[in-house]
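Below you'll find a set of structures to go through.
Shared between the two complexes below is chain A, which pairs with chain B and chain C, respectively.
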Partner chain A sequence: MTDARLVVGPFNRVEGDLEVTLDVAQGRVARAQVNAPLYRGFERMLEGRDPRDALVITPRICGICSISQSAAAARALGAAMGLDPTPQGALAAALIHAAENVADHLTHFHLFFIPDFARPEYAGRPWHGRAVERFTALDGGAQRSAVQARAELLHVMGLLAGKWPHTLAIQPGGVTRAPGPREKARLAATLRAFRRYLETVLFGGPLEAFCAIPDSASLMRWPGGDLALFLEIAADLGLEGLGPAAGRFLSYGAYPLAEGPAFAAGVLVAGRPGPVLQADIREDLSHAWMLGSPAHPLEGVTTPDETMAAPGYSWCKAPRLAGLPMEVGALARQAVDGHPLALSLAARGGVLARVGGRLLELARTQILMEAWVADLAPGASFMAQGAVPRDGVGAGLVEAARGSLGHWMRIRNGRIATYQIIAPTTWNFSPRDAAGVPGPLEAALEGTPVDGAVPLAVQHVVRSFDPCMVCTVH
Partner chain B sequence: MTTLLWLQASGCGGCTMSLLCAESPGVIEMLEDAGIRLLWHPALSLETGAEALAILDDVAEGRVPLDILCVEGAIARGPAGTGRFQMLSGTGRSMMHWVQRLAPKAHHVVAVGTCAAFGGVTAAGGNPTDAVGLQYDGAHPGGLVPPAWRSGSGAPVINVGGCPTHPGWVTETLMLLAAGESVALDGYARPRFYADHLVHHGCPKNEFYEYKASARELSDMGCMMENLGCIGTQAVGDCNIRAWNGEGSCTRAGYPCINCTAPQFEDPTHAFVETPKIAGIPVGLPTDMPKAWFMALASLSKAATPPRIGENARADRVVVPPTLRKPR
Partner chain C sequence: MSQIETFYEVMRRQGITRRSFMKYCSLTASALGLGPAFVPRIAHAMETKPRTPVIWVNGLECTCCSESFIRGAHPLAKDVVLSMISLDYSHVLMAAAGHAAEAAMAEAMETHRGNYILAVEGNPPLNEDGMFCIVGGRPFVEKLKEAAAGAKAVIAWGACASYGCVQAAKPNPTQATPIHKVITDKPIIKIPGCPPIAEVMTGVITYMLTFGRLPELDRQGRPAMFYGQRIHDKCYRRPHFDAGQFVEAWDDENARKGYCLYKMGCKGPTTYNACSTIGWNEGVSFPIQSGHGCIGCSEDGFWDQGTFYNRLTNIKQFGVEANADQVGLTAAGVVGGAVAVHAAISALKRAQKKTQDKVEG
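Up next, the complex of A and B:
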C-alpha cells in the first residue's frame, strides 16, 4: 500500500537535528518514523561528578531551555538534600524560568513556525501578501520586532540570572542574587515594555481579553495583531484538523511556589483529568539505539548501541506513562490547568491547538510575571543553604516551554551514581515502543497530506510541537 | 556582499540563542548592515530538507563562494571514528563529513563557542562521543583539522570561545571579517579584542577581592575566589566590561566565573563551585601575579579589611553603606 518513502531532512527551524521518514500512500502519510540523529551522552558525563556539578552541566544540554534544565537539576538536588527554596527564592526562580519560557514561545512562533506560510507555494491565497510582509524568515516585520522584544525581555536575565543562556543563579535553596528595590523597579519596567509589544504587535489587544476567550470558535474571531493574520491563515488552510492529538496530555505543574504550582500538575486522558503518578513512568528502549530493558528513570541507564542496529531508528528513548505515550507542551499544560480555551482546543488537538495553546500561555505567563514582580520583597531571604548528602535520591520535575522535563539523580559516596533525564521532546518525538505504539508526533503525522519535495503540511505538524532535539538526545 | 554559512554540530544551540540577544542593532539588522548575506542558518533560514541540501551542495561544489563558515558545536567523531553520533539528517552523512567538505571552501572559518573551538561541554566527562573542536582537542592543537591547517584567508580557525558566546563577540568578529579587517588572535586563536581582558576586569566584587573579603556561601556578596571556585582573575573575557542581557554577568549575579572561554573548562579537577585548596590556601593564582607577592599582599590586605567590607562580604545585600564624606 506504500507508494513511496520520503526522508525529510535536514529539518531546520527546530532546535537541533531531526529526520522524519514518511511512508506515503494515496498522497497521505501512512506511517511516520521520527529520528533524532544526534547522541551526546550527557547522562554518562555526569556519573562520578560532584552532585552540584549538575547545575553547571545540565543547562548546557540545551541552549533554548537552559533555565528549565537548571530548575530541574536544582529541584532534584534539593530533593536529595532535603532543602526547599525560600518563598522569595522560589518566586525569583519562577520569574527567571517564566522569562525563558515566554521568550521560547515567541521564538517558536516567529522564527521556527510562521515563516513557512510566507512560502511561494501559498502565493494564490488571499492572505499571502501580508504573510510575506510580516512573516518572511529574516526579513518579515513581525520577526524583526519579535527578536527585538525578546532581547529586551531577556534583560530579566541580566538583572536576576547574570546571563542567558547557562546561568548558575538557580540553586536548590533559591537564587544567588537578592534583588533590591531598584532591580524590582527595573524588572517592572522591562515587563511593561514587553506587554506594550505584545498588545500592540502580536496580540493587537489587551492580554486579559485574550485570556478570557472561552473556546476555539471565539478564538477564530480575535481581531488584532499578527495573531489575527495567523488565525485567518489557520482557518483558510484548515490547521485545526491537521496533526490531531491522541487525547493524552501530561503536565508536571509549572512554577512551584510556596503556595503550589502556578499552572496545575496532572494528566488529561480522553478529557478526564487525573493525577501524575510518576512511579508509572517507564522508558522503553525497543526502537532506540540503546541497550537495556524498560525501566523507571531512577533505575534506568544510558548505554548507546554503537552498531545502531534495527529495529532501533533513533537515539531517543520512548517514555511511557502507565504504558501510554503522552503529549506534553503548552497546550497540555494549559488544558491540565483547566483553562476553558485550552480545553476546547485540546478536544481536537492539532496544529492550531498547539500554537493557540502556546499563545494563550504566553499571555497568561506575562500576567503572572507582572504579579510576581509586584510580590518581590527586597530584604527577604532569597536563598536557603544546605549540604549535599553522602547518599541520596532526588527527582526534579518541572515544565519547560516544550513540556514536562524530569531529572532523576542518585548520589552515592558523595558522587553522582546515576542521572537520568526525560525531556519534553523525548515524550513528543518518542519512537515506537515494544508494542509498536508510535510516539505522539509519529501518530499525529499519520494521514497528513504529502505534496511536493517539501511537504508543507508535514512541516506545519512537526513544528507545531516546537521540538527541541538537543534536549531529546542529551 | 559577504556570504555566511552557519552549521550546528554537536552542541546545545545556545550560542545562536545568545546571538539573538544582540542589541543596537539586533542580529538580523547587524548582518544586513555589515553586508553579510546568510546563505543558510539552521535556526533562522526558511530553506529546509532538499532546499537546504541544495545550498550546502552549491557551496561544497564551489558554485557559490563562501566567505565565512561558522560552526557551532563540537565535532563528534564517534563511534569508532565514523562520526555517526551526529548525522546531518536527510543526507546519510555525518556532520563531521560535512564540515570536512565545507571548511576548505571557506575564506574564513569561525568556531562559535567553546564546543566548536575546543570540544567544550560536549567533550566532558570521558568524552562519550569522542568530540573535538575544529582545530583543537581541548588545549591541544589539532582537532578535526591539523594545527597547520589554514582557511582560504591564510588564517587558522578563529576560536570565539565562550559557553555561551556573548553576542558581541560573534557580531564583532563577523563585522571585522566582512570589512576585510584582520582579527588579532591570542595563543588559543581567540579574538584578542575580548580575550585580552580578564573576567576580573570590572567585576563589581573588586573591592572585596582587594581585601580578600570572601563569600562563604553562594548568595554572599563577597569575592568568590577563595571559597566558591571563581576563576575570574584567570579567565579571559570582557564579561564585566560589557554587560550580558542588559546589565548582567556571572559574578554580578552572585555565582562564580567557571572559565567558560577556555579549553577544558568543562572538567576542572574539583567541583565548579568549590575552590581547591592546599593547606587552606587556594590553588591557582591570579594571572601574571607572582606567588610570593600574592601571598604577602593577601595576608596584609585581609588583616586590613575595613568592617564595612567584611560585613558586606557575608551578606546578600549591602548592610553597611560607605561612610559619608563631607566636603572640606
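Up next, the complex of A and C:
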C-alpha cells in the first residue's frame, strides 16, 4: 500500500473511543492524527458545586482509573485546605492506589495488548500456536488466570476502600477506613496470593530477580512464564524498534508518603533528569475543538467548539511542559525514578519498552505494597481533620497507571469556581500544538509499517501506550 | 450459523465440566433467590434451549460497568456468562478490532435479528447531533437505535444507561440522555448503580438467558429481586442508627466503633440496592463498611441532589416501613416479561417519586 490515507478505528479493547488517521507513503506512516471522538464535559459540571463533591464526581470520569482520579481530587482539595494526610492515612491511600495501578497493568497486558498476537494474521510465525493457546481474547489460558488473580487482588479494595470501581474512601486528610489487625492480616494474605500468581504464571520467576535485571539485552533473556513467550514474540517482530519515543518523559512522582514519593518525581529529556516545574504546563488548543488560548490549567477553560472547525481534529487538548510534548506512563515513571532497566528501555522507547516498563513497575509495586502492609499501624490516626476554605486554590498531581494526572481547582465563595484536569492520555494522545509539533503517539506512529488489510503494527503502537480515552477527554 | 447451539453445548465447548455445570445451576438458583427445586429446571432449560445471543455496546461512559462485571461474581458464573456473551459482540473485550469488529456486530445483529439481548453500557449524548460520542465514524445514538431495532429486550447497565449519571449532571454539557428516552419500543430492564454490583449483573443476565424472559421488575423497571430493599434496611450499622449513635467526623472515636454514617451524608435510607446484602468485590465489603456513607448511586438523579456530604433531611427516624413496591400501590406493577412501554414507565416513575417523597418526607 502506498500513498494513501487510512483511518484506523474504532479501537475496541481500549478504554473509550479512538480514531487514528494515517497518511501512508511507501508503505509507512508519514503522518498521523489522533482523534478522541468523545467529550463529556466533567470540568463544566463541577463548576458551582461544593468542593467536596469533586471527590465523588471525578472518579466517575473513568471506571478503570477511578482511584487515581479520586486521589488527585483529594490532593487538590487538600492543597486548597492546607491539609496533608496523616502518615498512616497516606500509607493506606497509597496501598489502595497501588492495587488499582497493578490491576490496570495486568488488565492492559492480558486483555488489551497481548490478544493481538493470537490473531490469524500471524499464523505463519513459529510462536503463533502457543500465543493462541495462552493469549486469545477471553479464551486464552493466561487471560483467564489473570482475570482471576486480579479479582482476588482487588479484595484489597474491599478491605480498605469498600467498593471498586468508584471508591469513596480517599479524602484530603487520609482514608475513611482505619484498618485493624484483622484487615492487616487479610491484606498480607491477599498480596501473598497475588505474588504467587505473578511468580508462577506471569513472570515465572522471583520478582526480586526480575527487578534486578540491569538492561534491555538481559531482559530479552528472561526465561520464565508468559513473559518469556511475549519476549520471544517481541524479538521476532522487532517490537523494540516499533513506535519509538521522542525521548521526553514526565512523572509527577507516585505514592506520596510522609517521607516523599515512592517513585520519584521529575522529567527525563534526552537522557538528562530534571525537576517538574508545574508552572510551565500549558494546554494548547490550536488543534482541539476547543475555544480559548493556551493557558495554565489554573487559568484554563473548557469551552467546546460546537462547529468543530478546522484545523481542530480532536476533543483532546494538547498539554505541553515548557512548550514540549511529554510521554507519560509506567516507562516514564520508572525511568525518572532511575531504575537501570527502565533507563535502558527508555533510551530507545518503543512498544517493547512501554510494555517492559509496565511489567517492571508491576513487579516493583508488588514488593512495595507488601512493605506498606507490614507498616500499617492499626490504632494510629488515618484521617487528619480540616475544613474547606471559602476561597482557595489547589493542585493535585498524582501518577495513574497510565501516567501523570493533574487536577487544578479554584474555590470561590465556598464553591468550585474552575476545575481543570489533565489526564495521562491527554499527554500521550494530544493533538498537534500551534507550532505543529505532534503529540507523543502521533510522533511514535511516524515510520510505522502499514501492510496488509489490518495494519497490526499500528495496533501494537497505539496499545503500547495503554490509552484511556474517557480520561483523556473527560 | 443456521442451528444455534444450546447453552450447555457452548459451555461444554468452553471446557466446562458437567459437574461445574450443575454447580453453576445451583449457584444461579441461589443467587436469584430460587429454591433448590429450581436447579433441575435451570439445568433442563440450559440443555435444551438455544443460547440467547447478547450484543454489548458502549456509549458515553467510563467502562466501570464492564470492569465490575469481569471482576466480580463467582468465578464459575463469570466464566460461563462471559463465554456466552463473548460469542457475539463486546466492544471492550472481544478479539477482533476496528472495522472487523464493526462487521462482526453487523453480522451478529443480522443473524440473530429479533432474538438477541442488547446490553447497553453508557448513554448517547444528543447535543450537536450526537457528535460528542462517535463510534465507527457515526454518532453512538445511531448505532444504539439500529442495534435496539433488532433486539428482543434491552438491558440498561448502570446509572448512565438507566438515568444519565454524573455526565448528565448540571449543566449536562453534552445532553447525555438515558437510553429509554431514545429506545421507546422495546422492554428495557434497568440495572442502576455506578457501577452495578457484579453479582447483580451476572444474576440478571443469567436469569434472562436461562428463562428467556425478563425477571420481575419494579415500577422503575429494575429487577425487584435486587432492588426491592434499601441499603438502610439491611445495613449492619442500622442498630446504631436506631440507637442514635452517629459518626460526627471522619475517623473519630465513633467511626472506630462503627457507628452510623447518617450525619456524614449517607444516602442508605433512600437508596434501593443490594450492596448491604451482596457486598462488593466478591462480597468483601461495601462503601459503608469502609467508613464512607452511601452516595445513592443507584437512584435517579443522585448526582444533582446537593452536596454528597449533606445529611438527608427528608427521612423519619422511625416507622418508615414502606418499600418500593408498597409505595404507590395504585400503580400497576410491571411483571414478568410484560412489555413496559416508555410512556407508561415514565408516568409511573413520576407517580412513584411523588408518592415516595410524600411517605418519606
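Details
Assume the second predicted complex is superposed on the first by the 472 of 474 C-alpha atoms of A that agree within 3 Å, B and C clash if a C-alpha of one lies under 4 Å from a C-alpha of the other, contacts with A are read in each partner's own complex, and residues count from 1 in each chain.
The rule is short, and it goes like this: a residue touches a chain if its C-beta (ideal position, glycine included) is under 8 Å from a C-beta of that chain, and two chains touch if they have at least 3 such contacts.
Given the structure is predicted, the values throughout are model-derived calculations rather than measurements.
When both complexes are superposed on chain A, chain B and chain C end up clashing with one another. When the shared chain is aligned, no partner comes close enough to touch A:Lys184: not chain B, not chain C. Of the two partner chains, both chain B and chain C are touched by A:Gln148. Contact with chain B, but none with chain C, is seen for A:Leu18 once the two complexes are overlaid on the shared chain.
Looking at the shared chain after the overlay, A:Arg52 reaches both chain B and chain C. Residues 7-13, 15-17, 19, 37-41, 44-45, 48-50, 52-53, 55-57, 60-64, 66, 111, 115-116, 118-119, 136-138, 144, 147-148, 150-152, 154-155, 157-169, 171, 173-178, 304, 306, 308, 381-383, 385, 454, 459, 470 of chain A are contacted both by chain B in one complex and by chain C in the other.
Chain contact summary for the complex, chain A toward chain B: residues 7-13, 15-19, 35, 37-41, 44-50, 52-53, 55-57, 60-64, 66, 107, 111-112, 115-116, 118-119, 136-138, 143-144, 147-148, 150-152, 154-169, 171, 173-178, 180, 190, 304, 306, 308, 378-379, 381-383, 385, 453-454, 459, 470. Residues 8, 10-18, 20-23, 26-29, 38, 42-53, 76, 78-80, 84-91, 121-122, 124-126, 128-129, 163-164, 217-219, 239, 243-256, 258, 260, 266, 270-274, 316-317 of chain B touch chain A in their complex.
Looking at the complex, you find that chain C touches chain A at residues 14, 60-68, 70-72, 75, 78-79, 82-83, 86, 91-98, 100-102, 125, 127-128, 131-137, 165-167, 169-174, 176, 194-195, 249-251, 255-256, 275, 279-293, 295, 297, 303, 306-309. Interface of chain A with chain C (complex): residues 7-13, 15-17, 19, 37-42, 44-45, 48-50, 52-53, 55-57, 60-64, 66, 111, 115-116, 118-119, 136-139, 144, 147-148, 150-152, 154-155, 157-169, 171, 173-178, 304, 306, 308, 315, 381-383, 385, 454, 459, 470.
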